[in-house]
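Look for chain A in each of the two complexes below; its partner is chain B in the first and chain C in the second.
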Partner chain A sequence: MIYVENLRKEFKKVVKEPGLKGSIKSFFKPKNEIITAVDDISFHVPKGEIMGFIGPNGAGKSTVIKMLTGILTPTSGKCEIGGQIPYKNRKNYVKEIGVVFGQRTQLWWDLALRETYTVLKEIYEVDNEQYKKRMAFLNEVLELDDFITSPVRTLSLGQRMRADIAASLLHSPKVLFLDEPTIGLDVVVKDNIRGAIKAINAEEQTTVILTTHDLQDVENLCDRIVMIDKGSKVFDGAIDELKSRYGQSRELRFIPADFKTAEKLDYKREFNLTDDDILVENDGHIISVKFNSDTVSVEKMLSYTLSVTHVNDINVGDADIEEIIKDIYKSGVNPSA
Partner chain B sequence: MKKFFKKTHRMFKLHRIFIKQDLKRLMEYKVDFLTGAVGMLLTQAINLFFLSIIFSQIPDLKGYTFEKIIFIYGFSLLPKAIDHLFFDNLWSIGYFIIRKGDFDKYLTRPVSTLFAVTVEKFQVDAFGELVVGIAFLCVSIPNVNLDVSFLNILLFIVSVFFATFIFTGVKLITSSIAFWTKQSGNITYMFYMVNDFAKYPTTIYNRALSFIITFIIPFAFTAFFPASYFLGNGNALFNIGGTAMMAVILMAVGIFVWNKGVSSYESAGS
Partner chain C sequence: MRKILRIYKPFTHAGFLLAAQYRVNFIFFIFGDILRCFINYFLWHAVFTSGGAKTFMGFSEHDMVVYIFISFLTGIVSYSDGAFAVGEEIRDGSIAMRMIKPIRFEFAFLFQELGERTMTAMIVFVPLMAGVEIYKFAATGVLGFNIWYFLVYLLSLTLSYLINFYFNVCYGYSAFVLKYLWGSNLLKDCIVGFLSGGVVPLAFMPAGLGFVLNLLPFASLTYIPVMIYLGMYDVPTILLSLGLQVFWLAFFIFLQRIIWNACVRHMSVQGG
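Up next is the complex of A and B:
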């Protein structure tokens, strides 16, 4: 469905020295610097997949989405969606896609929401029958009824986001691009929006590309993730794969029966570990031990702990995707790893 | 052909929705609208006052009587007002839509970007200009020896129509510059202001200025040339044909620059 090959986008940036003098100088003799926002990215998304597109701030996610939706023309490389090239024959292409940018609405500020959808119905040439059915469906999954008569400018962020998502789905697009659709939303609205994405994907095999900083979105929705950093792809695969490749990080948590004996625990000496391998935290109530199950097996960890101290409660947490991704974002990753 | 009608029908439908909503907004913000209208009336009244002072000193201006000047003045307001009504959003393109990256949304819709941009704003403020323009025409027509024939009425409509697109064309070209420079509102403003010269006979200006407003920024074709044809000067081919030709040229260049601009649009960071 979506083929992206060596996609690249460079922006020209005028470098300005600080102060008024700098401004004047750059006015007469502008110095340009080229920044590469997207650096030869390739990936493929089959029909019906929900792909999570993640990466730290400024990685180039929005820039890729803008190229795939025909807003930006790539500097070089190719992208093809459903057999069409976004920036060629744009009007024809955008009939097949839905686009939401969580950061800013695409709706008309002063138009009542209901009228907004009438405008979109005309723009996308949706016939009456189909429109009625569609609105009923969107109403149900996104609960638009409470605010359908309000002008867009009066909507709260959560309402506006639901309105925007409904707008992107009105014409039954084959591909849906969502750039941070859950930004700034409460848990209930997030859940509602995830539900809608799932429903649309299940019902119509809509292919979805979604960027987010909320890893719950990824775990909840995505079949697969593509991670980029500084414009380059650093990971491409299923979440489980990410977990098994980068994260054997586990967390052992227990409440010792008696803190005196618990203090005798010395994981570093017992297993010959360095500070990088293990992190022990004691908040006076629960002791937490973060370790990597590649270096020390869970079984050894448990039996050593229990051999030293009695516990009131103990558990070992699963690999935490949030921790893994934090590590990757912080330390960077070798794309070929 | 059938497809063309369907498309036009769809365009009118969209226009209607947005016009309705802008009229609704007018009702909501009555005070703002009335203040704007009063301000505009004052401006026109002051202009009129100064004109009458000038004409109290001289019998005519290079063959143009006070009434004839009022006729040209009134004529000049019509295309200006119609352009204002329908194509006002082009100002926002030059001032902030491109700079803030808000142009993104027009690119994800399956209609022409130019249509999408202009349809969403119906500038009700322009009613003021329209009313004043028509009033000036009504006052002056009985005093200027006008031949009110069917052909002339037709030519009048045609020349107002094309004159409108001279305004639109100039705005389109200068606003499109923002695709490269991010902001061009002040450039549009500078060019647009030249239209103030078009309300008076070009013959009162020196050669250079008269050349500029005839051939370079051809605002003379939005008022003086077509209006003076109806006053019995000049010929239809130059005065009205010229208006049509300038409009077509400016719009063609405008649409070309706009499309070039759209493909170099860079959006904005966040």
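Up next is the complex of A and C:
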């Protein structure tokens, strides 16, 4: 459905020296600097997939989205979506896609929300019957009824975002681009929006590309993630793959029935581990053991623990994707790793 | 053509609703303009009384009064906010939201503004036009209203608006380079106001300069429609002037297309 090959975007930026003198100088003799926002990115998204597009601020996510939606023209490289090249014949191309930029709105700010939909209906040439059916469906998944007659400027952020998503879906697009659709929203609305995205994806096989900083979005929605940093792709694969590649850390937490027997636990000697492999914390109530499931299996860990002590409660936590991504953002990764 | 109308009609409707939405702002805006018009009137009144002459460069005082009010009316109906609207969208990056829709960028603006213009016309046009005609009748004692001149004036006024719109959109694209247009917009409005005959009739200019100004697109904005309304032009001059207006309209539509295509390739969307 979506093919991206060696996509690259450079911006010219005027460099200003500090202070008044610098401003005057750059007014008469601007100095330009070329900035590469997106550097040689390639990926492929099959039809019906929800792809998470993540990366730290300024990584170039939005620039890629803008190129894929036909707003920006790439400096070099190719992208093709549903057989069309976005920046050529833009008018024709955008009929096939829906776009939501979480930080902007496509709704008419001063008009009742309903007016926006009637304008969109004409723009996309949706016939009356289809429009009615569509609105009923969108109403069901996004619950627009409560505020459809209010002017857009009076909507809360959560309402506005739902309305925006509905606006991008009115013409049943084949591909949906969501740039931070859950930015600034509370947990309930986030959940509502995630549910809607899932429902639409399941119902119509809509391919979805989603950028977000909320990793819950990613874990809940995405079949696959592409991670970029400083304009380059650093990871491409399923979430499980990310976890297994970058972190096998598990956390065993339990409340021992009595602490005397629990103190006999010596994981290091039992499994022949060094300090790097294991971290035991005891706060006098809960004991937490962080370990790597590559070196010691979860099963062995559990059976050893239970053979030594009785427990009131026990659980094994999954690797925390947030931790993994934080590490990657901080340290940067070797793409070939 | 019908398809275009169907797609963009909602924009006109929305523009109308928008103008209605902020009617207080709108009325103040118009009121301020009308005040300026009266100041102009008293200025010319003083010129004629102190000079003692019956006519000034071929204009009697009555002609001048009608000129002031009709050029004001023409200015306000053919006014286009295109430059600032386009410039703002480019500046804050919301132009991106227009580009993700299967619409022609300038058409969306045009039809939206047509809605706003309709609202203006409804509020200002009829009362002011009636006022001018009553003044003419009171001053000269003859009913000077000529339906043919009026209809040709309406045609010329429409052309004038379209030229103004496309000119302003072309100008608005300079936001791709200048980033912010407020200051240069003021300068532009001032210069255009002078060159279009909105301040003084172009007939008052020295012959050589007047000839050049008559050919420039700015004359098409105010001077030509007003002269037609005043009945100062004979039939060949009217046809020639309308032809000139059509030429400038085509010129700016073409120019707009070229600039847009060039800009889109080099665009960088600001913010977010």
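Please note the rule applied: the second predicted complex is superposed on the first by the 272 of 337 C-alpha atoms of A that agree within 3 Å, B and C clash if a C-alpha of one lies under 4 Å from a C-alpha of the other, contacts with A are read in each partner's own complex, and residues count from 1 in each chain.
The working rule: a contact is a pair of C-beta atoms (placed from the backbone, for glycine too) under 8 Å apart; a residue touches a chain by one contact, two chains touch by 3 or more.
Since the structure is predicted, the reported quantities are computational estimates derived from the model, not experimental observations.
A.B. asks: Have a look at chain B and chain C on chain A after the superposition and call it: clash or fit.
C.D. replies: Clash: chain B and chain C overlap once superposed on chain A.
A.B. asks: Scan A:Y124 for contacts with chain B and chain C and give back first, second, both or neither.
C.D. replies: It touches chain B and chain C both.
A.B. asks: Name the contact category of A:I286: first (chain B only), second (chain C only), both, or neither.
C.D. replies: neither
A.B. asks: Report for A:A202: first if it touches chain B alone, second if chain C alone, otherwise both or neither.
C.D. replies: neither
A.B. asks: Under the stated touch criterion, which partner chain does A:T73 make contact with: chain B (first), chain C (second), both, or neither?
C.D. replies: Touch partners of A:T73: chain B and chain C.
A.B. asks: Show me the chain A residues, by the header's touch rule, that chain B contacts in one structure and chain C contacts in the other.
C.D. replies: 11, 62, 66, 69-73, 87, 90-92, 94-95, 97, 99, 101, 103-104, 106, 108, 110-111, 115, 118-119, 122-125.
A.B. asks: Given the complex with chain B, which residues does chain A contribute to the contact?
C.D. replies: So the residues of chain A in touch with chain B come to 11, 62, 66, 69-73, 87, 90-92, 94-95, 97, 99, 101, 103-104, 106, 108, 110-112, 115, 118-119, 122-125.
A.B. asks: Provide the residue numbers of chain A that touch chain C in the complex, in ascending order.
C.D. replies: Residue positions touching the partner: 11, 62, 66, 69-73, 87, 90-92, 94-95, 97, 99, 101, 103-106, 108, 110-111, 115, 118-120, 122-125.
A.B. asks: For chain B, which residues are in contact with chain A within the complex?
C.D. replies: 10, 13-14, 17-18, 21, 25, 101-102, 104-105, 107-112, 120, 263-267, 270
A.B. asks: Using the touch rule from the top, collect the residues of chain C that touch chain A in their complex.
C.D. replies: Residues in contact with chain A: 6-7, 9-11, 13-14, 17-18, 21-22, 93-94, 96-97, 99-104, 264-265, 267-269, 271-272.
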